[in-house]
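Quick heads-up: structures coming right below.
Look for chain A in each of the two complexes below; its partner is chain B in the first and chain C in the second.
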Partner chain A sequence: MSFDVDTHTDTTVVVDIGEALDFRNADDFKSTFQSHVDNGVRNFILDFSDTGILDSTGLGSIFSLYRQISPEDGQVVFADVSRPVQVVVQLTRTYKVFRQFPSVDAARKALS
Partner chain B sequence: MPHGKLFRKRASVSRQAPFVALHRRYAPSMDPITQRFSDLELALNTTHAFFEEWTDASEQPQEEATSDVDPLHHARLVLHEWLANLVQHADFQERTPDVVIRVQPKANTVHGVVVDNSEGFSFEQRLETQTTNALPFPERAMGLRFIDACTDSVSYGRTDDGRYQFEFSISTDHTPWLSNLF
Partner chain C sequence: MAKQSILVVEDEKMLRKLLEYRLGKHYEVETAANGEEALDRMEAYTPDLIISDIMMPKMDGFALQSALQSDKNKRVIPFIFLTARSDEPTRKEGARTGVDDFITKPFDIDQLLSRIDRLLERTKVFQKNLDAEIGEDFSRRLMPKQMPSVPGYRIRFYNQAHDQGGGDLFDWTRTDDGNYFITVGDVMGKGVRAKFYAFSFLSYVRGTLHAMLRESDSPAELLRRVNQMLIEDEVMEETFASLLLINWNPDEHTITYANAGHCRPVLALPNGAEIVAHSDLILGLESGTQFTDTTFDLPPDSALVLYTDGLMEQRLPSGETLGEDGVIEIAAAALDDNEPVRSMLEAALTRSEANEFEDDILAFWLQREA
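So, the complex of A and B:
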């Protein structure tokens, strides 16, 4: 299953994470972001509005993205974070690394 | 080779959150469940479905919420990580998986048990390896660390009938915190 990606600018995209990012689809997520990284995208807005599951493998795949783009001043930001995702964010203190926005629109504006 | 050593972790007083009130009460409809599965994917999906029902039933308006810590969400994550571990790593030899999941959401506490017919593994050793060898922003090998951080108490070991039992409890006075990821 691939992820829906909406291009905001040449360097910024919005990825709809959907219902889950976990060990079952983390490789699909990596394939999805890799093609955009290869095309010059450096800012990723992750839309978690419908996400019921973010597990350790899913978070690991986000870390993988972050490791690739952060040396080039890229950003990964979280938008419209659902309660199950917020539990993982709080557990791992990743709010220190990934900025959070209340909505995708707010994230778009911040990254414009 | 079966792993007979029992791993057991108990909560210490220092893990308690000083400012967490103990007022969250679960709805009476949240009866304990016991489910048996031979299909691990089905076990995973069914477990999530139960937790979605329970969290919907227990959701409080934001202004009435007394705690940021909700054992239901953490228990859901723990069970997901455990079942994911079974799916990805468990050795069932030639046997069809036989997994029993019990979850009991009591007032302010969630207690869970997963019994399976795999060959088991050394929880303590693997957790230590994951923790000791952890690199910044790890891509893999965080599952047992998630479980350890989320739970008040955990035990894992071989039962008298040769199966393996994972058992945990989580309460509202537990502050989960997984450090050293970056």
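So, the complex of A and C:
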């Protein structure tokens, strides 16, 4: 299963994380973002509105993305973060690294 | 799981295309027109199974088969001969060189598919058993064989690795001045790979701790060094880990800790339990991350409870997870129990209405007696 990606600008995309990002589909997520990174995308808006599960493997795949694009001034931002995802983000203190926006639209505006 | 791959070696173009098309529905298929081409292909990748014609120009099937026999990694790949020569001498020659199966042309594709299935199944089961064995071995090495024994303290530990588990780790060491360093962490990922990374990571943490103790006993300083290693060392590049380090002084009854994004410990007190709140960013994400030491007293009849995310993420019938709040409650209730860890875990299972945990489980209980 692949992830829906919506192109915002040449360098910014919105990825719909869907219901779960965990050990079952983390590799799919990696290949999804990798093709966009290879095409020059530097900013990723992750839409967590429907996400019920984010486990440590899933979070690890987001970290891999961040490690790749942050040296080139890229950003990973979280939009419409559901409660289960918020718990993981709080626990790992990753809100210090990933900016959060109340909605995908707000994130699009900020990254235009 | 990724599709398994098959290398088809066949000089007849029509038959090669047909096999590529039919097998391609179930497997990744690569093709070669003769033995030489097949060996070239296998420089770059290792198929899970080979189907080869016998009569081919340049290098025939037998020559390919013998060439593979001299390579211990390629010799074990299941090998099926497609042959028009169904006579006994050919079969005998095949058996001598270690061929797994013969299919005589013209062949029925369903029959071929079922034989491929059977051969690959064997490899898969073998691989699975091997993974489980290595996984168990790593799991054992990631956990201590015994616990510290300190007068005036009750210490309990439990861990159970799960098939679907990952890289939980736990370690303790006694320093020259009689303090204890306790390490609990979780390397991100699942399965044998995560356990392998956790094992390398733990060795590094141990080494760094020993080197550092000569000049500093600050948990935050150790986290800083380990984080820098994860950022700079290419081997560990894809490793992210939560890590909680505790420096426990049993004479003064103090705890100094630093926490890199690990599940926050619980302090169980006679009048209730509370979270040990401070924590900093997880390891491996950002260069130059700052970590902070925090010190607190362990009052009489209080217990410090360390654990990993498997406990917190245990699912309740409501669909929610047990969560930090749930862990606080079961820890508070376990304080008067003689076997507090067991009672906590039983309470977690009762709440989740499950017979077992869905992930690795680890809990450490350090109680100062009244």
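Here is the rule we use: the second predicted complex is superposed on the first by the 112 of 112 C-alpha atoms of A that agree within 3 Å, B and C clash if a C-alpha of one lies under 4 Å from a C-alpha of the other, contacts with A are read in each partner's own complex, and residues count from 1 in each chain.
To be clear about the criterion, a contact is a pair of C-beta atoms (placed from the backbone, for glycine too) under 8 Å apart; a residue touches a chain by one contact, two chains touch by 3 or more.
Model, not experiment: these values are computed from the prediction.
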Task: Specify the outcome, clash or fit, for chain B and chain C once both structures are aligned onto chain A.
output: clash
Which of chain B and chain C A:104 touches, first, second, both or neither: neither
Task: Using the superposition on chain A described above, determine whether A:92 touches chain B (first), chain C (second), both, or neither.
output: both
Field: chain A residues touched - chain C or chain B, whichever exceeds
entry: B
Task: Please pick the stretch of chain C from 44-52, 98-106 or 278-286 that overlaps chain B when the two structures are superposed.
output: 278-286
Query: What is the shared patch of chain A, the residues that chain B and chain C both contact?
result: 23, 52, 55-57, 59-60, 63-64, 66-67, 84, 87, 91-94, 96-97
- prompt: Across the complex, what residues on chain B touch chain A?
  reply: 48, 52, 55, 68, 70, 73-74, 76-77, 80-81, 84, 87-88, 137-140, 142-143, 145-146, 149-150, 176-179, 181-182
- prompt: What residues on chain A touch chain B, complex-wise?
  reply: 22-23, 52-53, 55-57, 59-61, 63-64, 66-67, 83-84, 87-88, 90-94, 96-97
Task: Over in the complex, which chain A residues touch chain C? Could you list them?
output: 23, 52, 55-57, 59-60, 63-64, 66-67, 70, 84, 87, 91-94, 96-97
Query: Of all residues in chain C, which touch chain A in the complex?
result: 164, 166, 186, 188-191, 194, 237-238, 240, 242, 261, 263-264, 279-282, 284-286, 309, 313, 319, 321, 323-324
